[in-house]
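I've put the structures underneath this note.
Next come two complexes, and both contain chain A; in the first it sits with chain B, in the second with chain C.
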Partner chain A sequence: MADDREVLREVWEGRLPVAFSLSSDEVSVMEQPEPYYLLVPRQSYLTLVTDKVQKHFKTYTDPDKVGEVWFEYEGQPLKWHIPIGVLFDLYSFSSTLPWKITLHFQNFPDEELLGCRSKEAIESHFMACVKEADCLKHRSQVINGMQKKDHKQLWMGLQNDKFDQFWAINRRLMEHTGDEPFRNIPFRIYQVDKSYIQSLFRPVTDDGEPLTLGDLLKENLPDIIPKIDACVTQVIIQGVEPPLDTPIQWLSEHLSHPDNFLHICVLHETDDR
Partner chain B sequence: GKLIQSMSAIYRNKIANGEWRLSIFRKLQERNVSEVTGYESYTPAVERTSWVKRGCM
Partner chain C sequence: MADAVGWKRNLRKQLRQRNRVECEYFKELINNHNKIFEGVDSMRTQNVALQIQVERLKQENLDLNLKSETSSSGNGGGGKASNEKIQSLEQKLFKLQEELTEMHRRKGENAQQLIDVSHELQEKEKLLTSKDTKLTETLFQLDSLRNEMKHLEDSIIEKETAYQLLRDEHQALQLACTSAEEKLRVAKEENTELITRWMELKGKQAEFLNFDNEEYHKKQRAKLKQDLKEAAETHVDIKQPKIRPQRSGSQSMQICYQAIIPTHAHYKFDAHDGEVNAVRFTLSGRICATGGADRKIKLWEYGNGQLILKGSLMGSNAGVMCVDFDSQEHHVLGASNDFASRVWSIADHRLRHTLTGHSGKVLAAKFFGDASKVVSGSHDRTLKVWDLRSKACIRTIFAGSSCNDLVTSEAAGSTIISGHFDKKVRFFDTRSDTCGNEITLQGRVTSLDLSPDRTMLLSSTREDSLKVIDLRMNQVISTCCADGFHVGNDYSRAVFSPDGQYTLAGSQDGSVFIWNTATGKLETRLMKEHHSSVVAVAWQPSGAMVISCDRTKKAILWSDI
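This part shows the complex of A and B:
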């Protein structure tokens, strides 16, 4: 199971400084309001941690035109259901901080973004991901063996940024019976302007040899390794570039997001970032 | 049983130790320093101070 607490702590402690601005064409007062500066957890979701920002900017826009809130970075609507750190790594990795995000109350792009009218929508999405991940890892045996209060504790741990509360339950989701590895690794590979890639991937060979991040990438993006070697492609997980020989089982246990998925960003030099 | 146990131990050791582990740990530490240093005055999105409200009926 995930027993390297030092690493788990560092992952959990990830924060990003963000300067939120209200879209200039939605300002209904004389002057553009100042940006609102916030330190946001990488592991969380935009719509979960921006109550203060939304409340602040609502006073500067026409109340009759206030609809569902959404966020945008340089013209790119940001999907609230993807963890904040993944959005940053995908669209803004290596860019100057603070991360500049524009907030909108009008013209919700419902063809690109899922609606998120309440915190319950985020909780439902989060739990659906945890359940899917456990289905891949343990055929749902761990999640189904938990009680409703355990599910709630996972969610509350994330929502309130409580590492111990979260990991007291999550450690069970990261266990494997009799030191058997996970059946499959829950992962998603993101690239700019492409749909994400998700497939079944076992963390060991038939002979029981551990497979690595490089093996997973080769199987899903066959021409990627020469590009990484030529430094025209970067692979980012949790804001860092892990060595390609890292066992994928260890990565899944330690660098997955709270939704139990390993979110892998593949950045190409040619991406318009 | 003993053979299985020792195979498990070898497997665990293989996936728990290696230069990659130190590399990742250091990069995470550097990430946390570089992304927060200079921005400590920003409002935390989630207040972590835990306190218990007590009242008497």
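This part shows the complex of A and C:
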């Protein structure tokens, strides 16, 4: 199991180099400010890690017009409530690094993005995801058995990027008693320009045979397998392409994001190029 | 499993690749970038601050220039002369000021010196006064010392006179002493002379005594010779008695010439509460003792065809296994399961001795010698010989097996014969330490009895037979057995009749068997009276009666009347 622990560590260590730049429309001083480079954790959320960036760019914009901050990549507004890694995999998986993101302080696109007034909003969204996932996995038994300080520790672990602090609690959420697997796998399948797919999926057949990633995809996107075989479609989780015969239970335990969901990105070649 | 490992390895490889491409390549770059960024930021703010300072300084400079210009234009050409005057005055002022300070300084110094000098003066005065006081003190001391000296001189003179007196006395005493020593020497000489004379007299006296003794011996020898001669002349006719008296000293010894075979139960009674383990008559046949599992020994007296209870002897802490009388009929001996043997006196029923020392049940105990000794055999595989006068164990014999019964025989030279659990009959001489002899039988030996003429030994064994052993040949000369005869216990007893003609034993089924000793033929079988295993039997010394005891309280007196 030391291997699995190492996998968890590798997943946690995932970072993305990002070049933030201020939207040229919003620059109020003479010179265009330099882009701000930052390594951001894949597991985290955009608004959570960009305090410095915002502070830096605020000096270059008109202070009267400063509203809520939002991000955009090649004209696509980025939803802050989706983990950074998933956003990258979905929109710019094969683009060159560093990832170029444009920062806006004005004209918040209300119809496309949720408002994010404070860190508490992110925390409550994160905890809602964890609870939903545990409801799917253990009928909420584990999360309800925890104390308030355990919930706090989960959040602080993520916020401060502390692997041990986070996994001390998260381990209990990922446990399955004996040979009994999760009741359902909490997952979301993202595709560009489509809303995500989420359904109930048991990790084993009625006979107790473990099911794989391929089985899951087949059930939710029936015509996907031949496309994958023809290399027209890619399935990305945590920035890698897992083999289709990977057991879905193992994937859920090890490649889930901190919100306990398995975020699966399905990329069609036509979308990309 | 290999499959599983395949996907896992693939995943790990991809993850590592991901982290390398996305993270490690950029880590340092971005770090450096951030550092430079921060550096630039701080530089910028510094720069702004510096610029502000420069501005302010410029402004100040301007102000100053303005001021100086206005002041210089105001004072104009007024007084160069006054200027010079002022300068000289200033110089004077300066000089005077310097002088003043110098004066001040000196004044200060002088004051300081004055203070120092007065200080010194004070100290000296103090010193002087202290010296004066010291001087007066020493003078006083000198006076007192002189007085003391005078005193001491006086006392010395006194002492000298006393000393003279003592010396005279001493000389006188020494003279007395020498004269006394002289006297002592003379007395000693006298003493030695007297001693030598006394010794001489003693020697003479001894000679006289020796002579006397010799005379006496001679006379006695002569008398003895005379007696022997007379004795040799008289003729003595010695009759051989049919049965030798068994033990000496009994007041009313009953000698049996013919034992009578009993035919029916004559008297039945309950002897003890529980098993009756031992029964024995005195040599006179008057008194019978029984020992039971109820921890008592009971004494019975025969009269009017009945046994009348004379008394119960208490003291044992466990069941009594064996009883024995001494030849004088003064004492009764009981061996008990509480590892001890006890001796009671018959006359007053009091416990006399308790012989403790065995570490197992004592299964047999007998008087021997002149009833001052007891030998006991125990389950602890030893025999012990006790001296009743010193109340101590005088010898322990390691027999090697649990001893079920033993007999003693003075006729065979103070021999102890013991019957053992390992099927052996062992012979021990009380006067030597070695085990003399042993005979192996077919079964565990449960009891031993000597015939009245001390030539035959009866032993009962667990293989359901009685063996008669000739002690002179150490051989089994006859075997007594019968249908229905079973030896019930390891401590079932069998006995000879008082004339030695018959052997008697009780069986497990409650019947009593009598055999002919010489032929081993069954003489009679007394049945249907006992309802449980018969443990002990005894033949009355007169030969007329037999008593048998069983495991359920009963004792039965059998006779032919």
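We take it that the second predicted complex is superposed on the first by the 268 of 273 C-alpha atoms of A that agree within 3 Å, B and C clash if a C-alpha of one lies under 4 Å from a C-alpha of the other, contacts with A are read in each partner's own complex, and residues count from 1 in each chain.
Note that in this section a contact is a pair of C-beta atoms (placed from the backbone, for glycine too) under 8 Å apart; a residue touches a chain by one contact, two chains touch by 3 or more.
Quick caveat: nothing in here was measured; it's all calculated off a predicted structure.
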| item | value |
| --- | --- |
| Partner chain(s) touched by A:49 [first = chain B, second = chain C, both, neither] | first |
| Contacts of A:261 with chain B and chain C, given as first, second, both or neither | neither |
| Contacts of A:91 with chain B and chain C, given as first, second, both or neither | neither |
| Touched partner set for A:73, first chain B, second chain C, both or neither | neither |
| Which superposed partner A:14 touches (first chain B, second chain C, both, neither) | both |
| Partner chain(s) touched by A:160 [first = chain B, second = chain C, both, neither] | first |
| Chain touching more of chain A, residue-wise (chain B, chain C) | B |
| Touching partner for A:57 - first (chain B), second (chain C), both, neither | neither |
| On chain A, the residue positions that both chain B and chain C contact, one per complex | 3, 6-7, 10-11, 13-17, 37-39, 97-98, 238-243, 245-247, 250, 255 |
| Footprint of chain A on chain C - complex, ascending | 3-4, 6-8, 10-12, 14-19, 21-23, 25-27, 29-30, 33-34, 37 |
| Chain B to chain A touching residues, read off their complex | 4, 7-8, 11-12, 14-16, 18-21, 23-25, 27-29, 31-32, 35-36, 39, 41-46, 48, 50 |
| Complex contacts: residues of chain A adjacent to chain C | 3, 6-7, 10-11, 13-17, 34, 36-39, 42, 56, 97-98, 238-243, 245-247, 250, 255 |
| Chain B-facing residues of chain A, complex | 3-4, 6-7, 10-11, 13-17, 37-41, 44, 49-50, 52, 97-98, 159-162, 178-179, 181, 208, 210, 238-243, 245-247, 249-250, 255 |
